[in-house]
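Common to both upcoming complexes is chain A, partnered first by chain B, then by chain C.
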Partner chain A sequence: MKRIFAMGEAVIAISVGVIVLLGYFIDIPAISIFRIILFKWAVILAGVAVLIGMWNLFSNHLKKIREWKPDSFYSFTLLFFMLLTIMASFSPALQPLQSGLLNGIMVPVEISLLAVLSVTLLLASLRLLQVRRDLASILFMATTLLVLLGMGSWPYIGQLPIISTWVRSFVTNVLAVGGARGILIGVALGTLTTGLRIFFGVDRPYGGK
Partner chain B sequence: MNLTGLIGLGFVAFSAICLAIFAVAQHRAPFTFRKIPAFSRIQHSVRLLVENGSRLHFSLGNASMLGTDGASALVGLALLRRLGEITSLGDRPPIATTGNAVLNLLAQDTLRAAHNAVMPEDPFDMTNARLTGFTPFSYAAGVMASTQKENISSSVLIGNFGSEVGLLAEAASSQGVTVISASDNLIAQAVLYVTSSDMLVGEELFAAGAYNQAGSAHAASLIVQDVLRWLIILALLAGAGLKLAGLL
Partner chain C sequence: MLSTISQTDLITGFLSFLFTLLILSYMVGDNPAFRMAVHIFTGVSAGYIVLVAFQAVVNMFAPLINGSSPDRFLLIFPLILSLLLFGKTSSRFEWMGRPVVAFMVGVGTAAVIGGAVLGTLFPQIMAASSMFDLHKTTGPVNAAGSLTAGVLVLIGTIVTLIYFQFTLFGKNKVTGKRGKLIGFISLIGQIFIVITLGVIFSGVLSAALAALVDRINSLILFIDHLLAFIA
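The block that comes next holds the complex of A and B.
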């Protein structure tokens, strides 16, 4: 029975994959319409998954509170604001509270984390040459410094003559773009073969294989 | 049907045929690949954590499974399945964190399958796969909070991340955790280059399955990628040549 279910899952996944793929490349109205319907179903299922995800987040933190771990206070705060936000989204009278929670807490906290990240990256960059002393690291640091030098408008001198005009432009528009395209082509090919493995039913993340 | 669509479909069909041929060839005579230090480190870390009773943390990022960035998460899931089976035998089962609801469901299912493959009689704890946040930074903050005091010795960050992955890698490194990371996102790759000791660059991410004995199809897909890459290089060179000759 289990094997029949697993096969059924694979047949559905592969059939949907074939329709979506053909609909993407071939302009046949019947396939295109069916492809859009399948996408709509996928969006609805993703919406349901968000609800399940919320429950997962809720139950994880509830478990922490029950176990009374030292950091349970954070879990309690999270659950309190989670419930408050859900309540605010259902009641029109509490709509201003929802935007207040978003703009007053969520956005500033995320911006603060971004600021922490910039300091973290600066420190990590300074440590890079201690940890990994190879040509790639030296090149990475030299390029970063060169681009930073070329970006800024410096006191008294303004922009640096050759670095700001020619070097920075060459590094960012020629070398970096070329390298990025190379990496992206590699990633695209990897994406294609990953998709094909799922298409053939070799990888089945949906059935735990 | 337009010409671009036809070429695209032909390219996919050609890749599929190559994949099937190389998968059969891999069965007969296994391919050998160059050594990638990050994969050796993964295998070493996994062996160590089974011995010393610590835990593996697997972060799959926040890829949307409805977009193209989902491929990196699928690679992560394949690796999670493989490493999940090995580490489920230890005292502490692995934990997976995600920043996307659909991905979290897949991570739960994958961890459960890995657990059931080695310990079918023991119940599986569904909270081992955790959705820690819905936005990139809340996800990162949630991962940092939920992996503290879990006795983690290795952290594998594979999937679609943004710059927030720097916080994850740095937080793990500061706790003495071995960090192995890979992402399909260019910004994340640059950030990981300075914050992570072992990282996979570019398409090396898609070699995860092949280097961890996930099956012949994974090894075959690496060869297909190489074949396609050479075809693209030849096409680019031919295009440049034709342009120089004034024929394009």
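The block that comes next holds the complex of A and C.
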């Protein structure tokens, strides 16, 4: 019975996928219309899946609070603010809170986390030179330094003559473009192969074996 | 007495000041204040995501009430599939959600393949070949420069792709090592990749530094405004 179910799931994934994929490359009105309908259903289901994911987050933290471990206070705080944000949208009395939650918490925390990243990245790059002193590490740091040096104007000096105009432009517009294009094409080919493995039923990321 | 708007602004400004300090405290090491701020942020973000997703789902199902008969008919299927998907919340009824996940995987995979071919592979190949289009350049110096750049970019692309080729042939299969030629090309590929990552790293670092400057500026501004208000 399990085997039949697994086969049924594979049939659903492959048939639906093939119809949507055909719609990309073959211009047949019936397939195009059906493809759009399937896409709309998938978008609705993705929205429902997000809600289920949030329910999972909620229930997991609720479980942590029930067990009451030393870290449970963090879970309590998380759930309190999650419910407060939801309530602030539905309850007219709490609606003034919305601006505080968005501009007072979400936006500053997001930017501050990015700011912390600058220090973390600097420390990590210094550590890289301590731990691995090979050609790749030195070239990586040299490129970073060169691009940063040529990025803007410096106090008293302005833009660095050769680095800002020629070297940085050559590194970012020629050398980096070649590498980036290779990486992008490699990723696209990898995606294509993984997708085809799903279509041939070799990989079944929906639970079947 | 403060007006309602300025009170709200003051509270928002104070919250922004407080949360910036709590997050920046991570620079001296992981601490409870930072963890608390991150959990509050996760809670608020999760609540916001719930609201956005709920509103989107409700809007998409709205034609079930006020739509035409064909619209209603077409929405019955996703409604059933959505109900089945809720089976995923329980280990007992998990199997009910699996066909729905299979459906989503099928559509998602097709979309990803279509995106990879039409959105990445074709445009990148076109962009690589367009550098050799001499009609677009002006003058012989520009044409020579564009051609040189095109050749270098093409070499970079090919050697980068060769670096990611790990299949071994012939006697290399036995030794488990790359041949001399492929090894040399891979080394050049690695150099191109390292330069690319260095450029990306410098971009991320400069964006992060700009964010740090913005936050420090906001802290100074808040203290400045507060002192002016008290005075």
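Everything below uses one rule, namely that the second predicted complex is superposed on the first by the 200 of 209 C-alpha atoms of A that agree within 3 Å, B and C clash if a C-alpha of one lies under 4 Å from a C-alpha of the other, contacts with A are read in each partner's own complex, and residues count from 1 in each chain.
The working rule: a residue touches a chain if its C-beta (ideal position, glycine included) is under 8 Å from a C-beta of that chain, and two chains touch if they have at least 3 such contacts.
Note that the structure is a prediction, hence the values are computed from the model and not measured.
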Item to check | Touching partner for A:85 - first (chain B), second (chain C), both, neither | outcome: second
Next on the checklist: Which partner chains sit in contact with A:69 here, chain B, chain C, both or neither? Use first/second/both/neither.
Outcome noted: first
Next on the checklist: On the A-aligned overlay, A:174 touches which partner chain: chain B = first, chain C = second, or both, or neither?
Outcome noted: second
Checklist outcome for this item: The answer to whether chain B or chain C touches more of chain A is C
Next on the checklist: Taking the superposition on A as described, I'd like to know which of chain B and chain C A:10 touches: first, second, both or neither.
Outcome noted: second
Item to check | Partner chain in contact with A:103 - chain B first, chain C second, else both or neither | outcome: second
Next on the checklist: With both complexes superposed on chain A, which partner does A:187 reach: first (chain B), second (chain C), both or neither?
Outcome noted: both
Checklist entry - Touching A:77 in the superposition: chain B (first), chain C (second), both, neither? => result second
Item to check | chain B versus chain C as contact partner of A:165, first or second or both or neither | outcome: neither
Next on the checklist: On the A-aligned overlay, A:119 touches which partner chain: chain B = first, chain C = second, or both, or neither?
Outcome noted: second
Next on the checklist: Considering only the contact definition stated at the top, list the common interface residues of chain A for chain B and chain C.
Outcome noted: 21, 24-25, 39, 42-43, 45-46, 49-52, 54, 56-57, 59, 74, 106, 109-110, 113-114, 116-117, 121, 125, 140, 180, 182-187, 189, 191-192, 195-196, 198-199, 205-208
Next on the checklist: Show me the residue ranges of chain A that touch chain C in the complex, using the header's touch definition.
Outcome noted: 5, 8-10, 12-21, 24-25, 37-52, 54-59, 74-75, 77-86, 89, 96, 99-119, 121-122, 125, 135-136, 139-144, 147-148, 151, 171-189, 191-192, 195-196, 198-199, 205-208
Item to check | Interfacial residue positions of chain C with respect to chain A in the complex | outcome: 8, 11-16, 19-20, 23-24, 26-27, 35-51, 53-54, 56-57, 60-61, 74, 77-78, 81-82, 85-86, 88-89, 95, 98-114, 116-118, 120-121, 124-125, 127-128, 149, 152-161, 163-164, 189-209, 211-212, 214-215, 218
Checklist outcome for this item: Listed in rising order, chain B residues that touch chain A in their complex are 1-2, 5-6, 8-9, 12, 15-16, 19-20, 64-66, 68, 71-72, 74-75, 77-78, 81, 100-102, 104-106, 108-110, 112-114, 116, 126-127, 129-135, 137-138, 140-142, 145-146, 148-149, 163-164, 166-167, 170, 184, 186, 189, 191, 193-195, 197, 201-203, 205-206, 209, 215, 217-218, 221-222, 224-225, 228-229, 232
Item to check | Contact set on chain A toward chain B in their complex | outcome: 21-22, 24-27, 39, 42-43, 45-46, 49-54, 56-57, 59-60, 63, 69-71, 74, 106, 109-110, 113-114, 116-117, 120-121, 124-125, 127-128, 131-132, 140, 180, 182-187, 189-200, 202-203, 205-209
